[in-house]
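Structures follow.
Look at the two complexes coming up: subunit A is in both, with subunit B in one and subunit C in the other.
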Partner chain A sequence: MDEEYDVEFIEREERSAKFLVRGVTPAFANGIRRAMIADVPTLAIDEVRFIENSSVMFDEQIALRLGLVPLSTPPNEFDEDDVVTLSLDVSGPATAYSGDIVSSDEMVQPAEENVPIIDLKDGQRLELEADAVLSTGKDHAKHQGGVSVGYRHLQRVETVGDRGEFEDVDPEIYRGVIQEGDELVDTEEFDHDLTNRYPDQEVAVEDVEHAFVFSVETDGSMSVEELFTRAVESLDARAAELEDAVSL
Partner chain B sequence: MSYKCSRCKRDVSLDGYGGVRCPYCGHRVLLKERSQDVKTVPVQ
Partner chain C sequence: MMVPVRCFTCGNVVGEHWEEFKARSREGDEDPEMVLDELGIDRYCCRRMLVSHKDLVDIVSPYQ
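What follows is the complex of A and B.
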């Protein structure tokens, strides 16, 4: 493939982004998607020590909820064997939120402060310690940094003529991004229906080869840029490993 | 094993002779107290 590799952001926020990647094959695009889901390590609670739990829920249920609280994971600061201790101590009447979790490491904090853990009534108390470890989504879904990762082909839209005056108009739904000449247009602008953008015209839609629009959302443990970069690094490391293995 | 009477809320310890009954109020519903040990739970 001769086309040059290129990335262009269409939407860019801390936790979600939509961007166009040109010059990659479908297999490579899918490799990046899978790496973002399963190969980027994040921190998550893996063991909980209950000191007191007089709430209405079993220890195991609360532990499961704690495991799903996303924790910020600074890049290249932790190894696979590192453990970060967190603690929680809430007395009722109150609701224990993820923001009540106290971390032993300033770099590791709950990514979201308002995840409810348990509603405590008068006289109930929850006190616990938890260990967070680094692992990948391949190991357990709680370690999945990319929670919503997908891609679509970029689609080129061209007008091919006028629509007949008394012709029935069916909606032409396309989701993602279309290319009009050199311009990129998010389909949200016309409610994903091409007949809204081209009311009286016939259009031809075709996939643009080797151009994919990624929609990525993270759980808050890291930014989209970081997730994408680390996913590509993991692909690169595996390719190097394969190269070493076959060159022996 | 320590229990708590669900009616009078007093601590009750059972022996082999009195059966399941609160010695203070005679109520037959006793609640088992949670152990003071720290319980470790893996998150899976």
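What follows is the complex of A and C.
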């Protein structure tokens, strides 16, 4: 791709965003989507050493629950083989929460504090040490930074005439973002039904070439912007690798 | 037994909302639909994780 691509935010929060990307092919848009799901590495607990577990759950079940807790993953700080040690020590009667996990690295913290790990009754105790490793969504879903990542074509809406006065009106449902002239409108504004926005007019809807509206959510291990840029970087790195491999 | 940490279908973390959801809609008298909306759990795959959950630790623990 020679041309620059252009990104415009429609909705922007820390963990979820909707943005328009112009100047990319459908294949490249899908490449970014897949990279956000499967190729951006995040930290997650992968090995747990139990010192004491007298709870009602087996060690394996607790290890699985710990693995699913998202951990904040600062960019470019960790390599594939790095290990971050975390520990948890809770005595009943109490509930062990993800927020009780103590990390040995200040940059790596549970992204969510209130996830119950296990309810401990009187006399029960959970003490463990865990290793978090860096890996990708390809390897295990717990390493998947992007949650519900998708894209749609941007759609251009133009009025093409008046609707007959006594015509029956069927709903015209579109979900995503439409373009009216130069303006972008989220279809949520008119309850996804074009007949709410243009009650008396006939409209023509067509896809805008090379313009895609992404909606991205992350699990909290990184921000949406970071996830997106790192997905593009990973595509870039693989393209460079391929170029290297085939050049003489 | 314990509420699942993530939604089985989409992978969104839902476990953190369980205690509030339980307190307000099961033990309180609020409408579960409204509580889920307020908690920001929008997709029906995630909503069913909380709606269909039952804590079993209290039931299992005497037989430890």
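Definition applied: the second predicted complex is superposed on the first by the 244 of 248 C-alpha atoms of A that agree within 3 Å, B and C clash if a C-alpha of one lies under 4 Å from a C-alpha of the other, contacts with A are read in each partner's own complex, and residues count from 1 in each chain.
FYI, contacts are C-beta pairs under 8 Å (C-beta built on N, C-alpha and C of every residue); 3 or more make two chains touch, one makes a residue touch a chain.
Model, not experiment: these values are computed from the prediction.
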{"item": "Touching partner for A:Tyr174 - first (subunit B), second (subunit C), both, neither", "value": "neither"}
{"item": "Which superposed partner A:Tyr198 touches (first subunit B, second subunit C, both, neither)", "value": "neither"}
{"item": "Partner chain in contact with A:Phe28 - subunit B first, subunit C second, else both or neither", "value": "neither"}
{"item": "Most subunit A residues touched (candidates subunit B, subunit C)", "value": "C"}
{"item": "First (subunit B), second (subunit C), both or neither touched by A:Gln144", "value": "second"}
{"item": "Contacts of A:Asp46 with subunit B and subunit C, given as first, second, both or neither", "value": "first"}
{"item": "Touching partner for A:Pro70 - first (subunit B), second (subunit C), both, neither", "value": "second"}
{"item": "Which superposed partner A:Ile118 touches (first subunit B, second subunit C, both, neither)", "value": "second"}
{"item": "Which of subunit B and subunit C A:Val56 touches, first, second, both or neither", "value": "second"}
{"item": "Subunit A residues contacted in one complex by subunit B, in the other by subunit C", "value": "54"}
{"item": "List of subunit A residues in touch with subunit C within their complex", "value": "54, 56-57, 61, 65, 68-70, 98, 111-119, 121, 141, 144, 147-148, 217, 219-220"}
{"item": "Subunit A-touching residues of subunit B, taken from the complex the two chains share", "value": "34, 38-44"}
{"item": "Subunit C to subunit A touching residues, read off their complex", "value": "1-3, 5-6, 10-13, 15-19, 43, 55, 57-58, 60-61, 64"}
{"item": "Interface residues, subunit A side, partner subunit B - complex", "value": "44-54, 59-60, 63-64, 66-67, 140, 142"}
